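First chain A sits with chain B, and in the next complex the same chain sits with chain C.
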Partner chain A sequence: MTQRKTFLLLLPAGVLLVVFLAIPYVSVFISAFRVPGQGTPYGDGYTLANFTRILGDWFYLGQAVNTMLIGAVTTLATLVIGLPVAFQLARPDLKLRGLFYGIVLSPLLVGIVIRSYGWTILLGNNGVINRTLRGWGWIDGPLPLMYNTLGIVIALTHVFLPFMILPIMAAVQGIDPSVASAARSLGARRPTVIRRVLLPLAMPGIQSGCILVFVLALSSYVTPALIGGLRVKTTAVTVVDAMIDTFQWPFGAALALTLSVLGGASVLIFARLTRMKWK
Partner chain B sequence: MTEVRLNRLTKIYAGGKPAVDAISLDIPTGQFVSLLGPSGCGKTTTLKMLAGFEDVTSGDITFDGQDVVRVPAEDRDIGMVFQNYALFPHMTVHQNLAFGLEMRKIARPEIQRRVQATLEMVQLDHLADRYPAQLSGGQQQRVAIGRALTIEPRILLLDEPLANLDAKLREEMRVFIRDLQKRVGITTIYVTHDQAEAMTMSDIVVVMFDGHIAQAGAPRDIYETPKTAKVAGFVGQVNLIEAHVDPDHPGHAATPFGPVPVTAPGVGETVTLALRPEAIDIAPAGAPGTPATIERVQYSGAIVDYTLRFADGTAMEVKTIPRHPFAIGDAVSLSVDLARFRQLEREY
Partner chain C sequence: MGRNILNIYCLAVYAFLLAPIFVVVGASFNAGEFLTFPPQGLSLRWYFTFFENEVFLRAIGTSLWIAAVATVFSVVIGTMAAIYYVNFAGRYKEAVRVAALSPLLLPEILTAIALLFFLYDIGIGTKTMFGLLVGHVLMTLPFVFMNVSASLESYDTDWSMAARSLGARPWTRFRRIMLPLIKPGMIGGALFSFVISFDIFTISLLLKSIGTATLPIQLFDYLKTNYTPEAAAVSTLSIVATITVVVIVEKVIGLKMHKF
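Coming up: the complex of A and B.
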């Protein structure tokens, strides 16, 4: 096949990307600079007012910072829980592999709304956790687990754990087992083999897992909306409020764009800091 | 320097027949020993037990009389070179070489000195800051050997280290490894399925089949006086001749070349004789010898291989320098020094 004909094979994917990815992005970008309208999505002309409103008000910036903190803490929590799980799942001698894969993937098999309501049953003031602890006499009043940042982080950690585990597992499975044997023959004990050899070699998977979870947590809507309620709002929740409740499309677009820029910058800095020279 | 001794060493994997079946072997200090055999013969399993990566089912391994079977791999003080090199991809050449010394809590300046010495020894000092992915196969191989040697181990184990290199580089590395081993004087055990590697590099070749040692000895002994047809065939081309004991010459077997002295069997019984293809002289028809016809000619420059057939239908391989331009169908005359025949042990 000639060069030109092979290019034709890219056409379906190209069209798909332009229609469903490029056009919406450009449209959000343009909307952010539009003037809000009365009874219509946009008024006439373009403005920077949407951004001056966001940057001039600590309410929105603080909310964006809090959203990124939720993303960062969720990433850290999934990493701490997921790393040992991923290492175990990557063992070539693992039995019942299919069952364990199923368990790891299970948070994704339940609908997002049902899963979030499930967490309200567990975390609420009269939820399973608080009632049990009170029943045992360990606490007097209910622990604040719902309608706060902690609750959101707990629920997000649960959903996004597979996105941390799977890339790390793939990276660990890709490590040549004789590399660990070589380290042992050179005198390294198991903890040293993990610290000096296996963890660094799992870094590509750790890096992609962290970026995936952070980006997903940053942009998640349903879980923060249901668990955070009216008290804790993430930027994504405020964007939807602006779009649907108050019908300020340009302001919502500007807010979404601001979060994208902050999140994108964080990802770039993270990728830069964790760059692997040997790759 | 370390003397290695295997005593009835056995490995049985769950529910299988023994992968290594009660092998015993003494390896004197400083010797280069090859474990040679087809895949599945137990040579790699033996090496893994020596390294401590594989549990021993029964039997002993001793280094200088000290039992090491229960010593974990990280305490055995062994230099190991893996088939795929197993370099640390995230470390530079220098860091790869320093790793084993860091594990031994050696002081920084001393590590520097020894890594530098090793870099020079394996001729890689100009590549110290490269990562393994930036090196060629042969360079990676030299890093692997250097990394195994920096720790000044008691013994050096190599698991098919040349299998992934191209033919030319493989020959260079054979010489390199052998020279290095002689210079360092370290007891070395080398696993390979390539008879040319085993023969050219080793002091002792240990031929293994089915978890057993079929024969161990100097390369020349293995080649010239193989005990069995399997050993004879594994270390080189061989003509196997099933011969009856000659009723006219007691104690001799009848061959197309005449009666060959053999031991033991009585008249009418058969013996198996081995004759290397290069032991046979080939001359134009009419010369003294046994007449035969050329069936196939494989000319490869320095040598030529003939397949011939005697009048009685017996086929024979002959390897010689290309002296005469014989062609297929030519009648020729074959002769051999009868002392070149080897009587083989029966295999049951």
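Coming up: the complex of A and C.
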């Protein structure tokens, strides 16, 4: 086939990505500087007011910082919880491997609304956890697990755990088993082998898992909205409120852009830091 | 010793992963008015309530329709792009890959807002389902692309050359040689695409037109104001349906999970 003809294969995807992704991103960047409209999504003319409103108000800044912290803690929690599981699943001789793999994948098949709903049943003041503990006489009043940052982090950790486990598992599976046995035959103990050999080799998987979970957690809406309720709002929840409830499109766009830039910068810093440390 | 601790730890994590799914399913069989777990008496009453609730039924219909149409578009567009990527992209390979995966790399909430502005600017707005469909095709495209390009990696261009030298035309070469090889990737990609589309939330929330709420949106809306076990019944049916489809596809053609 000629060069021109093969290019036709790329054409539909190219048109889709340019017209409905690249151009909209240009338009959202411009629209974040538009003046708010009355009865319309935006008015005529441009302004910096949307951004000065965000940067000049501790409410929005504090919320953004809190959202980033939720993202960071969630990432750390999924890493700590998921790392041993990823190593276990990567072992080819593991019994019932298919079953465990299915369990790790299962949250992805269940749907984010349903999973968050499950957590509201578990974490609520009259939820499974609180009633069980009260039944055992361990607590008098309900533990505050919902409508706060803790509840959001617990549920987000669950929701995004597969995105941490799968990339690490893929990286560990790529490690030649003889590398570990070589280290052991040279006298390294198990913890040393893990710390000095296996973890550095699994690092690419750890890095992509961390970035994936952090970005997903930052922009997630359903889980913080259901678990946080009206009391704790993340930036993504405020963005959606601005778009749908109060109909302030330019402000919503500015807020979403600010969050994305903060998130992108964190990812770059993370990539730079981890690469320096491990190379 | 160390291995036993690891196994117990992993079992605890699996329990953590299954816990919320388990309580939703359990709560759906509640006989009482309110959502409790363990359920107060077993009953299927909330399933019957759901089957009479047109709002949920319509939402499921909308979700299935969008997922089906978006998947068809995604599979065709994504497969074409994957074939170009593996066989013809040459030095632009990395650029094509990043572009095809970009809907996955960009924050969904910003993509949703960007599309909303764009659709409003060109005068389409959210009056029709067009925007919703475009959003779903965008978000599912990377999964088809990943699956098909992974299955193409084993494809040897020499086979196509051999067929060509034997007189096979391009369409025949595609149908008889490439298609059988990439079929598992296409089916896997279609399955992923369908499941992902069924679960898309933020894009659907911002781009839906009046009366086109998908199931996740309808469920979310319901949960904001209602605490009856009906939502659990809807969720359980949705879980059972998804897992059934995935298991059938897995048994019939076998799925390979490709790395991110």
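Keep this in mind: the second predicted complex is superposed on the first by the 264 of 279 C-alpha atoms of A that agree within 3 Å, B and C clash if a C-alpha of one lies under 4 Å from a C-alpha of the other, contacts with A are read in each partner's own complex, and residues count from 1 in each chain.
Assume contacts are C-beta pairs under 8 Å (C-beta built on N, C-alpha and C of every residue); 3 or more make two chains touch, one makes a residue touch a chain.
Predicted model only: the values in this text are computed from it and were never measured.
Contacts of A:261 after superposition: neither chain B nor chain C is touched.
Contacts of A:208 after superposition: chain C is touched, whereas chain B is not reached. When both complexes are overlaid on chain A, the residue A:65 reaches neither chain B nor chain C. Using the contact criterion defined above for the overlaid structures, shared-chain residue A:48 touches neither chain B nor chain C, since it reaches no partner. Applying the stated contact rule after C-alpha superposition, one finds that A:271 touches neither chain B nor chain C. Of the two partner chains placed by the overlay, only chain B lies in contact with A:197; chain C stays clear of it.
Contact with chain B, but none with chain C, is seen for A:176 once the two complexes are overlaid on the shared chain. Counting residues of chain A touched by each partner, chain B versus chain C, the larger count belongs to C. Look at A:186: by the touch rule set out above, it reaches chain B but stays clear of chain C.
Residue contacts after overlaying the shared chain place A:35 against neither chain B nor chain C. Under the contact criterion defined above, no residue of chain A touches both chain B in one complex and chain C in the other.
Chain contact summary for the complex, chain B toward chain A: residues 51-53, 72-80, 82-84, 86-91, 99-100, 103-104, 131-133, 147-148, 151.
The touching residues of chain A, counted against chain C in their complex, run 1, 3, 6-7, 9-10, 12-14, 16-17, 20-21, 23-25, 27-28, 31, 41, 81-82, 84-85, 87-88, 100, 103-115, 117-122, 126, 128, 155, 158, 161, 166-167, 170, 190, 208, 212, 215, 218-219, 221-222, 225-226, 236, 239-240, 243-244, 249, 252-253, 256-257, 259-260, 263.
Of all residues in chain A, only 176, 178-179, 181-189, 192, 196-197, 200-201, 203, 276-278 touch chain B in the complex they form. Every residue of chain C that touches chain A in the complex is listed here, in rising order: 2, 6-7, 9-10, 13-14, 16-24, 27, 35-37, 76-78, 80-81, 83-84, 87-89, 96, 99-100, 102-103, 105-111, 113-118, 120-121, 134, 137-138, 141, 145, 170, 195, 198-199, 201-202, 205-206, 216, 219-220, 223, 231-232, 235, 238-239, 242-243, 246, 257, 259-260.
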